[in-house]
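Chain lettering (A, B and C) follows the sequence in which the chains are written, and residue indices restart at 1 in each chain.
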Amino acid sequence: MTSIMTTSKPITPTRTPSAPGAAQVSLRGVDKEFIRPGRSGETVHALGPIDLDLRRGEFFAVVGPSGCGKSTLLELVAGLSTATRGDVTFEGKPIHNRIPDGVGVVFQEDASFPWLSVRENIAFGLRRIKIDPKERERRIENALAMMGLTSFAHSFPAQLSGGMRQRVCIARTLVTEPRLILLDEPFGALDQQTRLLMGDEVLNLWRKTGATVFLITHALDEAAMLADRIGVMSARPGRLIDIVETGWPRDRDSRIVQEEAFGAITARLWRSLRAESMKAIGKPEVEP
Amino acid sequence: MNATSSGGSNAGWFSALKLIALLLVLWQALAWMVGDVAMRTPLQTMTFTANLLTSPSFWPHLAETGRAFGLALLLAVVIGLAIGFLLGINRFASDVLEPVLVALYSIPKITLYPILLLMFGLGVAAKVAFGTIHGVIPIALFTLAAVRNVRPVFVKTGRVMGLGTGRMISGILLPAAMPEIFTGLRVGFSLTLIGTLLGEMFASQRGLGFMLMNAIGLHNVDVIMALTFLLVLFAGSASGLLLFLNRRLYQRA
Amino acid sequence: MTPKKRAALWRIALLVGAVGGLEILCLSGHIDRLTMQPPHRIVMDLVALLAGGELNGAIAKTLRNAALAFVIAMVAGVSFAVLLHYLRSLRDMLDPVFATYYAIPMFAFYPLLIVLFGLGDTPQIFIGAMLAVVAVIVNTLNGLDRIPRVLLKTARVNQLSAWDTARLVMLPCAAPHILTGAKLAVAYSLIGIIGAEFIMSTGGMGYEISFAYMNFDNAKMYPLILLILLVSIAINTLLAKWEKILMARRGLS
């Protein structure tokens, strides 16, 4: 909606790796087990072992069959849950069951507070940050403008569409000026057209903020369109079975879905995933 | 909820036993602290209750209360369900009357007892009326909400099958709305009981409520404790049973 | 005209009709004067009573005590509900108590409370608060149960302390349900105070009503009853308005 392609050169996937920044997030030998609720008390191995480095400034997407622990992976990085084994670090510091400063999260479900106006919702994100009132105003106005919410500042979330509410949540994260943005299926509840447009907006703000983006999604096309690199997860216990480099230029937008390479990437993702998805829905493995 | 209800009734029983033990310990401790002037220990109370239950003068009072409560409950359930269904299937009628019911639900009905006394006189009619007005409104309101919340596709299904109003209520609306209606009946049961007892306390010369009021006036601690114990026992086991049935209904739904 | 407006007009018409019918029945002598005064008479008596000022002390006493009981019940009830929300096992244990609570004649404990606190206002306020608190707890818990998990995750992501999470996320989110509890608490505080005044007291509206009843003083009894009903309906209407604003803000009607 806001992003318009500025370059006329044809987009072709190149194999040049994205800017080789230092690892901003690093997972080493990470496992997650939990105890199934109820009296049986059996242990479920949800995830891992996983080794993964996120480069500073890259757009990394994770796809996987349902129930493979994608969201658990994000919660580990967000400090919303703790790994059973292994280390998760952000900018060299371990994450201890608490979200580090400089990390923002947007969830799949509508997380806007229905009792606060759009503006108050966005200001809520600044509660944990000590800044002077002027800077505060600047950041709120900036986030409102960036997400196209300026004229809705005094509306309540219930007066907005699902896509607009999700923008409120993104704006609430943006005001903290995060260096890493975690997106947990943020467009899962939206219709296909809105998702494509929201994808453009995410790409746009990824470029503008220079933040690293870590996206969890079940939609292969979404991952293929948005990410620099895509991690493919196995069925439970989720492990990374493939990492695909898309090689898209930085100023891409949703129109790359017409590219031949886009089809090639989704096809490769689906090749890796098909057997795993079969397992996830309880069918025996089938050779493609 | 799931862990306790589907985790078997063992956990439920254990929890209930713990609760009873806790209440008894608290009761005993309070009785020691307060002393003989105002309280009896659990053991003393139970002994006196046993005596009360064997004394012939007690039974007519119990029978009187039982009859009044039974009648009040019957009236509350029948009228409550009727109002609930009527307003539940008629949108306009419920738009008109639901706010009235809500307002009636929230007035302190205890203040109305002198009016009921003047209307019905000092007898069984007044306390039945008192019990009924306490119980009927929650039953009506819960039923109304339950019927209105029935998934529209069920009603549509009934329509395409050509069901009439009667078959629609008995075949679709009642079963679909049953869990919520039962919650209303449970609340209505409690409130009808308290209403009947309050009616007896203020507006009667017979029944357990009257005995209780009399004992309060005479400061007869033994009788107060024994009657309260009996009533709590009855109300507790009845509503425990209803709660159990209610949860089973919700599980099925 | 919108259906809502039409319903409101019908409702007003019905209420006017009911009062008018009562007026006619009273004036024509079908309801004799010893049973009930005609409605216009009650209103005039009320105005005269308030202007005369002889019962202002009693009215102030009852309303003050009810307000105190209400505030205590709200603060204690909401805090206890938040606590129970975290203590799952305690809550499972207490669930049957809440389900039975309103079937128990709380007034049976009034003599005990008088021994404990003396024959002042304290035992009355205690009874009022005891009656109201469970309605607040149950409804607050109901609201807390419905908080979407993602909002609590958002609180954690924003590094809120437990106190701030309760204050800024949980309670605002549960506010409509807490208001429902508050509406019931208004009625129960009044019931507690007035019931206790009926039973044993030296003043207050409940005492005046039962005194007037015994002396066939309908010119005093009916206006006082009307006043209590008006006060409780007025407070409830205000709370309902507030609730409506909150719900509308959330896109629920």
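To be clear about the criterion, a residue touches a chain if its C-beta (ideal position, glycine included) is under 8 Å from a C-beta of that chain, and two chains touch if they have at least 3 such contacts.
Here the structure is a predicted model, which means the values were calculated and not measured.
Put simply, the chain farthest from chain C by mean CA position is A. The most central chain, judged by C-alpha centres against the centre of all protein C-alpha atoms, is C.
With centres set at the average Cα position, the gap from chain A to chain C is 49 Å. For the pair chain B and chain C, the distance between mean C-alpha positions equals 19 Å.
With centres set at the average Cα position, the gap from chain A to chain B is 52 Å.
By the touch criterion stated above, chain C contacts chain B in their complex at residues 3-4, 6-7, 10-11, 14-15, 34-36, 89, 92-97, 99-105, 107-112, 114-116, 183-184, 186-188, 190-191, 194-195, 198-200, 206, 209-210, 212-213, 221-222, 225, 228-229, 232-233, 236-237, 240.
Considering their complex, residues 148-151, 153-154, 156-160, 164, 168-169, 172-173, 175, 246, 249-252 of chain C touch chain A. Across the complex, chain A meets chain C through its residues 78, 80, 98-99, 104-105, 107-111, 113-116, 124-125, 127-128, 156, 158-159. Across the interface of their complex, chain C is touched by residues 4, 15-16, 18-19, 22, 34, 37-39, 92, 95-97, 99-100, 102-103, 106-115, 117-119, 186-187, 189-191, 193-194, 197-198, 201-202, 209, 212-213, 216, 219, 221, 224, 227-228, 231-232, 235-236, 238-240, 242-243 of chain B.
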